[in-house]
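Shown below is the structure under consideration.
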């Protein structure tokens, strides 16, 4: 008897069969109020995970055969709540919550799971879960499962997002729903008490929350460079001497803008790391929080990097299509005409040949390295790396890509930037402007590679703190620290 | 004592050690009959998941040291079955099942797992699992684990497919094997009773079941367009005036066919959604099932989309290789010769320059958007999106890609379609034919964006049903519905 | 009472709430010594997984509010160890392990988890875990969690590597930590006793262990072909008749080297499979281990294939950029000049047009097939295939890609290899050398497709063994085998 009771986890599936009771009487029963799409998908998933499910409908007779799987019982709402052992899902529209008030006493002591979404982003309203909690003060309301689609529920967590955000004021009920979510194959995230429910309800309304800033930055850079090149190459020449370059607008100008945007964005990926290092060096500790803007910037590096890669890839495709343009054909034909008329047998200019081959080479290699970086950003590839490999790829290859892209631009510029003709209307070429941020980053990185700075930074990152920091900022007596020379003891 | 018994799940690993029994005596024992590749991999996995394993071999002495891990005991078949608490895997060739008949009484009451595959797709034979169940009427036979390779078993579910299809006539035994599969890191799918075992056994024989229809569709479209272009551009000109265009067969004709196929296939991705909306609008409810062909079509949209992307990507690469062709060089040289001979200093035609730049731009952007769509089709990327983000990408970006591709084709066509010369032998150019389906889809989509239709559709998709629908189709008295104004109550 | 005790696993979350004890008193308590970065991340994860955590710091008062989540108690090291039920993590620098010696008696009987990394790859030192085990002989030391980054711990196993390598001399303690790791969402791998700890500690120091050989192979091939082409096309012509081709170094030579490397590497992917088949045919059994070099080679096929794909992709991009080069423009202009001067109206050479179109077609298709192969190498895509689909893609499409690449090279070579001019300085062109390995593989594959060999191989792979093999190699009497005609009985 004792040995049976204390049998470890893994033995349970073996001991399961030895019971005389039929299985269906031993599984926990989950209740679902509502018989709509979400209810149906939830029931399919719960049954598939070994639970018994009773669906409560206003009109159980109206629910068509075959809508729910055979193992799901469809009964009245009252019967479903009665049958549910502990957990009842409220899978109905929030505007109909009040209609359940008559079942208040039956729901007392049960865990009521609110799965509804917010419909608008209004900041001054109560959340649906809070409304439900007010209506049923004797039940413990748990918010969750709203970020999951009916489709993900039905097809399994393979194909949908696994993350389920959960909150509740009752930690026991929350623990139960967390466990339930885990058994259903989701990755529940505990967000604390019910005051987080507004955020959870609004989560599906906010698209790609971490992409807003980076996309905006990229867009602003694109508009700036496009406008600048339009002004310098098209508008001013037209106003000045009626040169018609407007045909360049759809393709050529875009292809001049994209590499500038890509280069600046890539520099913005590595700039915050340098700024953070400077902060740590200046403060002499890693334990003080970075300013908010820097924290936020550091968290957006992956998105900035992917947008930089997107611009680079588009630039590559645009460039490879350049010779397909009718304009390229006409230019070549006219050049041939003039060469023949001028009687030049060989128009070869060795220097220009080298320039083109060098900037193409650097560009292709830089693009290749960036592509490797983008591939390791795929969740399934990143998961297969340990963190040192990930760091090597993201930092080592990242700087290689930045250096190659900068060289691509420098070779493209060649020595033309030194001739006065490169500054019509006193405007420098766009690629010169785009070179400023990456050059700052590369010079800054080289500067940090000076041994004394590198060593100090490594020490700080291992937990060491410079003593002059504490008295100034935290008012902790410096003396008490001297007594504990092992202050970096507690870190790995 | 009481507190020990009621200790929750998560405490068990902590309480585990407090027992005086050695661990090996408390783990459940799994038996495996057979000592081949599959048996070995199964044993490695089971042992790795904390089970004790006893392998039963005809000749245990012949099994070489080191083939099985140390913790696996290799004994006679009789001893292995005796040692197994409940579950015995039959990892032998199905043609040898009869040789186990002598062990029938020993196997009585145990769960016998059949892991065999079908060797041919013959529809009139009994499945291996059914044969096993007949031979051992007192054991409960469970079918499963056959879709998993020995390799996936050994290396863990990371690298192999996680899905394990399981069926059995005994629901208790099935529940036990489902739990076992879960503990081994697989995602078991319960397919019901043993009559499903034929399908499970044949599953590994059918390659990419969901890809058959879409690939066939794409192939038929490819053959049609290739044949059409061959006829119009190569065969008829040759028969008519001996124009030799046969050199176009390997590359140029393929590159004219691919965009046509890609455009039609992309339109086929968005057409079924429109048809479904029309069905829902016409019926006034979303609760009636779509016809079978539409259901099937809706389920194949992802595959059609990926095939369309494949054609688009090939078209992009082919196009970018066009100027590498010797033919392109010769054409340009001959044009230069004629321009010089004719004494034309500048052959620039502004309109054709604009046309080329515009259709290249639209093509590149459309290809870029399609690539984003294809990337979000990767399981690991799709998992990282919540369902509203997924819908935004798949529907919003999808229509953008369709619109850009259509514009790419329209700009390519320019105004040439209005000149009589575009219809040699009364055959319209292929791109005109390919434009028909996307134009239908885009016009249909615009039509559904009319406010009254959009609002009605949104209402229907929230669960509202038009009253005139029910009496006609379901013969349910309309009156009883009026008494329940909250008929859309039960949905989320 | 009885029914409560025997309640199956899935019911526990339901029964959990029925207890009168508050939940926090029933969760197991985990102790963490150290309050650094890793400790903090570990605590966040453990609390998120439902454990109670007590962190032991030298100076609990110095740990700032908000560094640890609210549910984590920060106390003295002594109190933390006392509070921990069984498991204590030692999240401090290994050089400070000796400072814990005073707590030796308190730690007796507890499980001490060493999470430290090696700092250098020195083969003659004791591992950190072994040092810890020596210091605390009464505790059971378990090595693990070191390959996980603090970041992966905090953000969940979604974003970091899931694999956790674990070893210990005490199998009970190890089992407990394995279970703990599983509950934290990781995939623990049991590597046996503590003597494996050195390897585990050094694992994060070795970057991409399975990539070393393949990358070296590819590099050597690259250097060989680059040198060969440099010699044949640039250096010897320069020494011979001062022909200046040095401008080809950055791009043209690289683009001639890459396809040769890609082709040879791709052949190296399929060669070991053939060698293995020959071994199996020769020995008449699949049960004898392959020689070590072949085993190793077979395990590196995926890496070789991906490197071959990388070279192919770079070759494709380089080739598509060829017409962007200034040199290409000059060549065309000069050709136009000469054509005009020579008065050739049409320079079209039908044969050369066919050659270019054919080799471009084969190249594009081969590249397309290789891309499909590379995509199915992504973990998340490969997971969605069952093993027969995976085999079909990797083997079927792989040979298709090899055949198309070989044809690409053969069409590129055309009949030029038969002219004496193709052998300046008696050196054959590089592509001829690169064709040797793939031709060997393709001919070998065709040879193995001879029915008698195919059937014999299939029999062997099903487990059949030729009788003449055993007496020669294993000295097992052949007679005893004849008595058991079902020797292939034990395999699936």
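Assorted remarks:
Per-chain numbering from 1; labels A, B and C assigned in written order.
By definition in this document, contacts are C-beta pairs under 8 Å (C-beta built on N, C-alpha and C of every residue); 3 or more make two chains touch, one makes a residue touch a chain.
In this text the structure is predicted, and so the values were computed from the model without any measurement.
Relative orientation of chain B with respect to chain C corresponds to a rotation of 120°, obtained by superposing CA atoms and rounded to a multiple of 5. Homomeric contact chain A/chain C is classed as different-residue, with under half of its interface positions used by both copies. Averaged C-alpha coordinates give centres for chain A and chain C that are 25 Å from one another. Multi-chain contact residues of chain B (touching two or more other chains) are listed as 5, 9, 12-13, 15-16, 50, 158, 162-163, 179, 320, 323, 332, 336, 340, 378-381, 383-384. Taken in their complex, chain B has these residues touching chain C: 3, 5-18, 22-24, 34-39, 48, 50, 57-59, 62, 64, 91-93, 96, 99, 115-116, 147-149, 151-152, 156-163, 179, 185, 203-205, 207-208, 244, 247-248, 250-252, 254, 310, 313-314, 317-318, 320-321, 323-327, 329-330, 332-334, 336-338, 340-341, 378-381, 383-384.
Residues 4-5, 9, 12-13, 15-16, 19, 21, 26-28, 49-51, 85-87, 111, 158, 162-163, 171-173, 175-176, 178-180, 183, 187, 189-190, 287, 316, 319-320, 322-323, 332, 335-336, 339-340, 344-350, 352-358, 360-361, 364, 367-368, 378-390, 392, 463, 476, 484, 486, 488-492 of chain B are the ones that touch chain A when the two sit in their complex.
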